[in-house]
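The following pair of complexes shares a single chain, chain A, combined with chain B in the former and chain C in the latter.
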Partner chain A sequence: MKASYVIKRILLTIFIFFVVVTLCFFIPRIGVTDPASRYYPPQSATMTDEEYEIIKELTRKQYGLDGTTFEQYIRYMGQLFQGDLGTSYQSGSPSVIDCIAECLPWTLVLSVTNLLISLVIGVIIGTMAAWKRGRWQDKALLNASTFTTALPSFFIALLLSFYLGFEWEIFPAYTDQNMVSGFDWSWQAISTVMYNAALPIFSMAIGGIVSYGQSTRNSVIAVSGDEFILTAKAKGLSNNKVIYGHTLRNAMLPIVTQFGMNISGLIGGSVVIEKIFNWNGMGTLFLTANGNNDYPLMMGIMIFMSAFALVANLLTDFVYSLLDPRVTLGERR
Partner chain B sequence: MKALEVKNLKVIFPIEGGIVRAVEGIDIEIEQGQCAAIVGESGCGKSVTSLAVMKLLSTPPAIMRVDKLELGGVDIKELSDKQMQKVRGKDVSMVFQDALTALNPVMTVGKQIDEIFLAHGNLNFETAGEEGEKKRFNRKKEAKRRTIEALKLVGISDAEMRYKAYPHQLSGGMRQRVLIAMAFACNPNLIIADEPTTALDVTIQAQVLDILKDLQKKQNTSLMLITHDLSIVMNMADEIYVMYSGKIVERAKTRDLFVRPLHPYTMGLLGAIARLDDERGRFVQIPSSLPCPFRKPTGCYFHPRCQYATDKCRQEMPVLEQPEGGRYVRCWRYKEIEYAKK
Partner chain C sequence: MKDILRKTGKFLLHVLQGIGGFFKKLWKHKQGRVGLIIVAILAVCAIFAPLIAPYDPYDVTQRAEKGLSPSWQHLLGTSITTGQDIFSMLIYGARSSLSIGVITGITIAVLGSLLGIAAGYLGGWVDTIIMRIVDVLLVIPTLPLVIVMTNVLGTSYVVIVIVFAAFGWTGLARVIRSQVILIKNANYVKAAEIMGASRWYVMWRHILPAVSNLLIMSTALTSAGIMVAEAGLSFLGLGNPEAISWGKMLADAQSSGAMLFGHWWSILAPGVGIFLAVYSFMRIGLAMEEILNPRMRKGSNMLKVFKHLNNTYLDEVFASMDEGSKLSGEYISSGAAQPPASGEKDESAGS
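Presenting the complex of A and B:
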């Protein structure tokens, strides 16, 4: 890995980030009449139109919506540069960063657990299916994959919520909001979170497990047909050495790519699931912000998500080059 | 003692609506220290034969039957896969055709050779090298020391540095040398080289063949050379098996075969070799190509391409005749053809 290449990649990432921020800023402002209109106080009978204009101007200033769109943009970028994402329009005017910081851990509880479960179980199942190629284990995985591809995770979530939640009452169909406010790191609180998180995680993990399983299976089968596996066998290595030392090591490379892509979706990937289970995470926060025309909060969330995705992609590239010596970053062949 | 003895080896692959007879009852005998070449076109069953000898064919789908399979006088016919793991790499090893695909791309070549020593090398305190080495004996270090020795043996300069190289960082010739070093690592009785030089350009081919021949003579290893290229066989092999569509059609000492080929197919192959002293101007081709493996012709498999074919050739498979000691030919008309040529 060449240092100049790493620096180039980082600079490019920063550039992309600014493009994203710019788009995030302008797109919500296209075609909207006056974003501040819903915050204007009603015009009382005694107020002249001139006076009312002054009131409106004050309101716009209060919400940072005064001046032309371009002036707002410059102002916003200046704030962003200082690490300030602005204040939310929510009552009490909490800062956007505080809002995100409050919701982020709850989303990560879901998404990180889901990703790890999907990866570990998926890789194990996929390797097994490849090993038993054409037998019932393999066919079961293929059928499961057809099933979960056709059924989106929110539909699975609805089914689980209805049967396991409402009908049989095994897991809570709705998240208990006291879980969030009363969380104090006690064993009791942690187990409550796990109990409440079971259905959302499970409904996402079904698809994840099958997807990792299927790609692992295909990758392992493809690598098993490679000639160096025959070489390894011809050397007289034991089956375990062939599988772990040669097959899996190579078969895992595409899985790393998939994992990297999924990491970038850790924050924004569970919006609908959170809504279904009333989970107090980033997705719910975003939907609420959207419903309230809460521009600073919406932008803050989008900027945060894209920054996270960009960094995840960057790291995946670097990690990949460490795993596969053939990938020499930035060197022309 | 025979390094390899195979009697009546058959390999078939069931496919949808039929079977492919890849190898149809062939016998191979290689004396210790000798080199036997199996020559034939692509698809004639050469590679399947080599894999079958190593018992590396995946069964299923392949089905393998053999009457006798002995390595250095030891019967390996009934050995289980687990028992074969002790034989492979130690008593018999293999050099593959394309070293780039035959080496693990994400593992250094050194580590890939280490694995053989770690699996079979009998790495113990007594076998460790110098006095200093013995003091800090360590299996992995000992394997590395032997690997570097093996790399030097095949003429790789800077062996310590190349030890840490990945396959894609080496040139084609260098990679092939690594494969050869791998094959000779545990000093096996028999090495099977499956088209060892096909992926290389001609100048490198000569170097690699020299190394192979040199090591073979030095270590008195037997060599089974699988190739489609008769010109490289000339300098390497003691005996040649010509294979056609899963059957041996001619078997002879190298000199005899080149001087006086008996089978029309062998004559055709020899006619297709480029020679410096050639005055014919162009090569003689064998018309058409190998028969479709699941619709082989009746009678002699070669008859559709044979200019000497008669009705008998079209109906009956010739038997493998032995016209003189050490020579075999599978042709109804070899005597007439030879007479006509004179």
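Presenting the complex of A and C:
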């Protein structure tokens, strides 16, 4: 990995982040000349126009929307470089960072567990399917993959919460909100969280397992045609050694790519699932902000998600170029 | 004037022939035929919904008792909150899902192919600008972005289609671009350039036809992805509030306690609708992929003959048989990791 490649890649990331922030700043201002007009209280009959102007001015100040758009932009960027994403319009006006910090761990519980389960089980199933190419294991995986891609994960989640949650009462269909407020690191609290998280994780993981399985299968089949696999077989290595020592190791590159892509979606990927199970994560936070027209919070969450994705992409690229030295800037895309 | 008319006529005939040939190919493919048949049924449901549906779900006077179980009067019962006939809603729901999916899919195909071809063929600063825009749009999480845009611009169908198209073309543009870069160096394109053909002529007559099959395939796949995304959006209550859509039916069923009452049909019906629509479009897209890429064909006689030889040799055999697969073979071996069109599937699955 050359130093110039690293520097170029980092500069590009910073540039993209800058553009994303600018976009996020201007999106709420599309179509309205005065974004604060959404928050003006109605003018009462006894109020003169001058008084109403003063109230408008106060509202603008309160929401940080005073001055020209350019001034607001400069102020926003300045705050951002000090690590401040602004204040939410919620009651009590908490800072956006605090809101995110409160909800982020709960989303990560879901998405990280989901990703790890998908990866491990998916790779095992995929390798099996590739080894039994054309037999029932392979066909089952193929059929499962068409089904799970066509079934939206929120529909799977609804079915699971209907049968496992309501009909058979194995897992809770709605998250117990006491779990969030009364969380201490005791074993009981952790096991409650895992018990509540089972259904959301399972409904996301079905699709993930199958998609990792399918790409592992394709990659393993592509690699197993290479000459060095033939050599390994000809040397008289056992099946297991050929699979795990030679084939799987070389088939890992596309899996790394997919893993990197999924890492960048860790925070923003569970919006609908969180809504179904009433899970107190980033998705719920975002939907609540959307319901309240709380633009600083919405934009803060978007910027945070984008920054997370950018860093994840950057790291994936570096890992990838360590694994495969042929990769240079932008070629993998 | 006459000349222009004749030219457009010829062009239209050419397009029609292309579409006819495409359907013929699909019909011969077993999986493609399944997809075509389901799409045809859904399209008939969508177009003739008022004739097929036993009740008009938009008509307030045709509402029955709330929360009825399935019977001969109401094949799938009635909804818990409003008493609308669920079977009729299911048929009407095909309208919003199919129209948004297909219209957005075609818009994305136009946008993605234009920008992809421009980036790949023209190169230079055009390529840099387009690819940087792609980089930016790929980083921003799609669903939150769409939610914000509908919050700002409203939730009419026009807005939803525009927003999905404006942020959904990136994957296609990238695939098309990498394909165009390969075609650009083919001998016949070089020959046309040396003979003095203009850039527009080359792009229109040589590049576009070469990626058109890929375009049709990915249009089917993006349409499927958009249908899932639209269902998700209306499930969150952020779709068009006036129209009946499958996502909204699911949301209504969940929020009105269909699960508590054990009304499994009111959850299953819209889900099956979404599944059929997405599945059929995916089938068509994947069948197209198999038709285009002969190495993916299963059970062909060639495969049986060369079963015992190793795959590299097989690749060479197929490459000599089919120009298209030779291109994609070079593409894979040149170190670019993703085969064409796999990016499309990832994105549709991600939403």
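The definition used in the following text is that the second predicted complex is superposed on the first by the 311 of 333 C-alpha atoms of A that agree within 3 Å, B and C clash if a C-alpha of one lies under 4 Å from a C-alpha of the other, contacts with A are read in each partner's own complex, and residues count from 1 in each chain.
Just so it is clear, a residue touches a chain if its C-beta (ideal position, glycine included) is under 8 Å from a C-beta of that chain, and two chains touch if they have at least 3 such contacts.
All of these numbers come straight from a predicted model, not from anything done at the bench.
Peer 1: For A:230, using the defined touch cut-off, is the partner it touches chain B, chain C, both, or neither? Pick first, second, both or neither.
Peer 2: A:230: touches chain B and chain C.
Peer 1: Is A:159 touching anything from chain B or chain C once the two structures are fitted on A? First, second, both or neither.
Peer 2: Only chain C is touched by A:159; chain B is not.
Peer 1: Is A:73 in contact with chain B, with chain C, with both, or with neither (first, second, both, neither)?
Peer 2: A:73 contacts neither chain B nor chain C.
Peer 1: Scan A:131 for contacts with chain B and chain C and give back first, second, both or neither.
Peer 2: In the superposition, A:131 touches no partner, neither chain B nor chain C.
Peer 1: Spot which of chain B and chain C makes contact with more residues of chain A, would you?
Peer 2: C
Peer 1: Of the two partner chains, chain B (first) and chain C (second), which one does A:238 touch, if any: first, second, both, or neither?
Peer 2: In the superposed model, A:238 contacts chain B only, not chain C.
Peer 1: Common interface residues of chain A with chain B and chain C?
Peer 2: 226-227, 230, 253, 324, 326
Peer 1: Quick check on the complex: what are the chain B residues that touch chain A?
Peer 2: Where chain B meets chain A, its residues are 51, 54, 56, 81, 84-90, 93-94, 96, 98, 101-107, 115-116, 119-120, 166, 168-169, 179, 182.
Peer 1: Quick one: in the complex, what on chain A touches chain B?
Peer 2: 226-228, 230-239, 241, 245-246, 249-250, 253, 323-326
Peer 1: Could you pull out which chain A residues touch chain C in their complex?
Peer 2: The touching residues are 12, 15-16, 19-20, 23, 27-28, 30-31, 146-147, 149-152, 154-155, 158-159, 161-162, 165-167, 173, 207, 211, 222, 224-227, 230, 253-254, 257-258, 261, 264-265, 267-269, 271-272, 275-276, 286-287, 290, 293, 298-299, 301-302, 305-306, 309-310, 313, 324, 326-327, 330-333.
Peer 1: Quick one: in the complex, what on chain C touches chain A?
Peer 2: Interface residues on the chain C side: 131-132, 135-136, 139-141, 143-145, 147-149, 151-153, 174, 224, 228, 231-232, 235-236, 238, 250, 254, 259-260, 262, 264, 267-268, 271, 274-275, 278-279, 282-283, 286, 310-312, 314, 335-338, 345-346, 348-350.
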